[in-house]
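In what follows, structures are represented as structure tokens.
Shared chain: chain A. Partners: chain B in the first complex, chain C in the second.
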Partner chain A sequence: MSKLLEIRDLKTYYFTRDGVVKAVDGVSLGMEKGENLGIAGESGSGKSTLGLSILRLVRTPGRIVGGEILFKGEDILKKSYDEMRRIRGAEISIIFQDPTSSLNPVYTIGDQIGEAITLHQHKVGGGMLNWLLGRFNLSRAREVNEKVEEILRETGISDASKRRGDYPHQFSGGMRQRAMIAMALSCTPDLLIADEPTTNLDVTIEAQILELMKELQKEFDTAFILISHNLGTISELCDKIAIMYAGNLMELSDIKTLFESPKHPYTEALLEAIPRLGSRGKRLSSIPGDIPDLIDPPQGCNFHPRCKYMIDGICNRYTPPFIEVEPGIKVSCFKYIPKSELSGLGL
Partner chain B sequence: MEFPKESSIEETTALEYLFSRLSGLRKLKRNKASIVGLCIILVFIVLALFPNVIAPYHPFTTFRSRQSPSSEHWFGTDTLGRDVFSNVIWGVRTTFYIGTACVLIELVIGLLMGGLAGYLGGWIDDLLMRITDIILALPTLIVLILAVSMFKVRSINIIILVMGLIGWPYMARVIRSQVLSIKTTPYVEAAKAMGATTQRIIFRHILPNIILPIVILITIHFAGYVLWEASLTFLGLGDPNSFSWGVMIMAGKNVLRSCPWISTYPGLFLFIMLIALQILGDGLRDIFDIRV
Partner chain C sequence: MIKKPESLIELENIKKYFPIRGGIISKVVSSVHAVDGVTFNIRKGETFGLVGESGCGKTTTGRIIIGLEKATEGTIMFEGLDLNRIAESEVRELRRKMGAIFQDPHLSLDPRMRIGSVIREPLDIQGFVNKSEKDEAVLKILEKVRLEPSYINRFPHELSGGEKQRVAIARALINNPEFLLADEPISSVDVSIRSQILNLIKDLIEELGLTCLFISHDLSVIEYMSDRVGVMYLGRLVELAPVETLYDNPQHPYTEALLSAIPVPGERSKERIILKGVVPSPINPPSGCRFRTRCPYVSIKCSKEEPKFFEIEKDHLVACNLRS
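Take a look at the complex of A and B:
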């Protein structure tokens, strides 16, 4: 069986006035059905762009310039606009980070969740006539309403039949994010991408939402990509984690191994930078230097200017390959390639 | 997950469903001023529908000219001896017709030009907006005079068409800017991510969010068109067979000092109508725009 999602050498660039920003520069990833993966990285590392690329929602001046995204064995990048539209929401869904503005203020919560259901399960086009006829199709309206209430109840909104008629401004932030999750899951997609779903919520609500997502993921058996800058959030929810830096994947590993023995120098530095309780008095370490300018990235490995293991003549000249160093753990660093093999890689 | 069997969804009939959709009308009740506005507009609609029943005389019936208001002629008579009250009542229909038709033309063109420019962007935006700028740069009255005088026939429909074709740039600009700002909001993005079609995004997600400025512009422009028609008439380019209030106001202008009632009463009615429209526009905004 082919993998659910297979990304091969994906390149998404933003063509700005100042030059080409290489937001995602050659990312390869694979995901099985029902798997969950966290993508972590600093802001500006291209993790959101990666998420949007999977749905082909990158906004101009951004463009996917190369690579393949195989979803259930078919290349998403070769699909027509209409085929793509059918996949969005039904097979791949996304939850955006800002629940406050991701809901249309002029429609009720129920209307908006129902929209996805009518679009995909009743194959309704966007035409005005269709829409008008749909308004008077009572059996369908009832069916959709029932579905909406069911999904709202599952996402933990009490009194769903009443709250269904509420407008977004009548919902609190946490409830709006619940509604967004309900919307994303309404058509039971095979893959759900959550782009920093809890960034704007306070910690108690965040914990609730994470708990809810964990439950729902198990229940719906949805493969799940969680994009976050917070390693804690990811470790809470995911089994596997990918570390992204300046448009490249640095390390792909399972959560436990990553925290216990990080392979990539960047991951190592990142873990040291997490503030810990009980380590008072010690200086919080940070990574020296800045994230590189993605218009003009450094030659060789993107991380080499900040890396303490930098091998002169190699790291600043060649791009390290993304290779498996242990079963299930991939790293892109020359540190893990024996000197004798360097020549074998054509270097 | 198991759910209780008794579903809380009440059995709705088609009629109930329809009423629930119209529930916005109930919101209007809360806004006292807009109820007044609605009533005035309703009265005007009745006047527009049945002027022959309400007006005491036919508008062409002549009496002694320049009579001041009396119990016989409530608003007096004009320079040609016609009853001003009857004329004002017959004028409701024409005024409504001019305003509504022009606004409709403006709305159609404005939505098309502004909507396309804003939504598609790129060179289409540039092209459509330059066309809009060109129309906007034209001296309105002069173009109106030229365009109307090109036609041999003095018909109210031609005047309306010309006015509508000149008046749309503001609407197009407002709609474009609104579409531009709404199309990048996260909820439009979210709708796209849910697989909504372009049509659906435009009609369901963008249009309802820009209705507020459109309604405001409509109420302002409605008045503007009525006044434009009046100016054209003043310059002798009006439709001699129509009884618009503009025609009446202009007709009384020269004798404003000796017989002020000829201009004042149609003007007063125009004023009332525009105020009522404005108030009603506010009320409509409250219905459509739930954020307020």
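Take a look at the complex of A and C:
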């Protein structure tokens, strides 16, 4: 059986006036059906670009310049524009950080969720027709409306039949994000990409949304990718986690192992540098240096200028391969390659 | 002999209402109760952490203390001086004793000024004339925030987020203030740089003997930085305690919920208190206890009676009807 999603050596670059920004530079990862993967990384690590690449939503000056994205065994990068439109929303859906900018302010929440349903399920005609049908309360439109209410109710919006007619500005931030999740799940996609879905929300609202996503995940069995800079959020929802740094995947592991025994020096340093509850009295260690400039990344491993295990002559010259060090755990670091094998890699 | 801790700053029933105007003559129709009766003191040499969700009034409280906002009601004392009653010239003198850093260093640095001038500007404003002394002070403070002397000739856009925040810290500290306001100083800094900035602020507080008001929405950061912590909700303080007490033995239902809501890296599915609903509007806050609309332990008393902010044990204040 082929994997749900298989990314091979994906390269997405932004061609800016100042130079080529290698936002995603050779990322490979796979996902099974119903699996949840968290992608963690700092701003500029390429995690969002990776998410957008999967849906082919990268905007100019960005372009996918290499690699393959196999979705259910077929290469998404070879799909036509129309085929892509059918995949987006129906098979792969995405939620962004800021629901306000993804919702149209002049249509009601119900209309917008209904539109997603009608477009992808081909049950009724386009927006205008749907509006007319709804106006005269015809059966097909009623069917859509019922579906909309059902979804809204499922995402925890009380009084769904009334709130369906509200405009986005009448919803609070948390409710808007609920509506976005409702919209994304309305067509029961096989894969849901959530890009920092709770970053703009307050802690207590974030807890509500995470709880909701957990429930929906159980119910719909949708595979999802959660992109976040917050390792706590990812731990709450995902089983597997991928750590990105400066356009590269550093480590792919299950959540438990990652926190118990981080393999990559970056992951290790990062875990020691995050303030967590219970940190009073202790001193956080910090990672020296700064994030590399992606227009002119360092030669070799992108993390080597900040790495305490740096092997001179190797880490600063060659790019480490992304290899399996334990079953299910992949790391790109020369630390895990025995000296004897280094020569075998052609170094 | 135990010396009573001395207060540097005392806030007494501070209120700040922002008017909402409407109609053709721009009459004040209602107001946003951003801060609605906040009383606390900041002791000399301590770091006071102020935590709460967006819109709870924590930033406004900070701005009132450093004089960027005028309180609608209440008194603020700085070293025993009532800020509302002293002359403008004295206020300026006092302001030299206060430094501030904010969330977004990109916004607080003038893009056309070189870093040297950015840091030196507060000295110019305070009327220092001797140029070599000023240059020396700039170099000294640069060293303190661990930046190379060569940075004085650079422009803000040449710096990374972390470096910009360092410059902002240098600028805040160039006048040798006694008090530092740090309002969400790491929110716009990258995760791997955050601990550098936190440790730097912590070290400088110690080294320079600063008193600090540290504002953040992040409870883990507040725990790391503070000696005492105040929790705000909808314009009011709901709990105030030394950091150990607050985190180990929270007494207010809101503090309890906040602490339980934080997703912890590497952990999952612990029993969490999920609060229902959202924070009510500060334009028309609920009667009685402000938290009652979301409180899991709400009783009839809570809608009628405003809970008093009282001392439940030494140094531990709570505003909750459950505890009184």
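In the analysis below, the second predicted complex is superposed on the first by the 332 of 347 C-alpha atoms of A that agree within 3 Å, B and C clash if a C-alpha of one lies under 4 Å from a C-alpha of the other, contacts with A are read in each partner's own complex, and residues count from 1 in each chain.
The criterion applied here is as follows: a contact is a pair of C-beta atoms (placed from the backbone, for glycine too) under 8 Å apart; a residue touches a chain by one contact, two chains touch by 3 or more.
Since the model is a prediction, treat every value here as computed from it, not as a measurement.
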{"item": "Superposed partners chain B and chain C on chain A - clash or fit", "value": "fit"}
{"item": "Touched partner set for A:327, first chain B, second chain C, both or neither", "value": "neither"}
{"item": "First, second, both or neither for A:338, with chain B first and chain C second", "value": "neither"}
{"item": "Touched partner set for A:90, first chain B, second chain C, both or neither", "value": "first"}
{"item": "Touched partner set for A:230, first chain B, second chain C, both or neither", "value": "second"}
{"item": "Partner chain(s) touched by A:202 [first = chain B, second = chain C, both, neither]", "value": "second"}
{"item": "Vertex chain A angle, Cα centres of chain C and chain B, expressed to the nearest 10 degrees", "value": "80"}
{"item": "Touched partner set for A:102, first chain B, second chain C, both or neither", "value": "first"}
{"item": "Minimum distance between Cα atoms of chain B and chain C in the superposition (Å)", "value": "14"}
{"item": "Touching residues (chain side chain A, partner chain B) in the complex", "value": "55, 57, 59, 85-90, 93-94, 96, 98, 101-107, 115-116, 119-120, 125-128, 131, 135-136, 138, 141-142, 145-146, 149-150, 153-154, 161, 167, 169, 180, 183-184, 219"}
{"item": "Complex interface listing, chain B residues touching chain A", "value": "1, 3, 7-9, 12, 14, 17, 21, 184-201, 203-205, 208-209, 288-291"}
{"item": "Chain C partner contacts - residues on chain A that touch it in the complex", "value": "42-44, 172, 174-175, 202-208, 210-211, 229-236, 255-256, 258-260, 269-271, 273-280, 283-288, 290-291, 306"}
{"item": "Sites on chain C touched by chain A in the complex", "value": "53-54, 160, 162-163, 190-196, 198-199, 217-221, 223-224, 243-244, 247, 257-259, 261-269, 272, 274-276, 278-279, 294"}
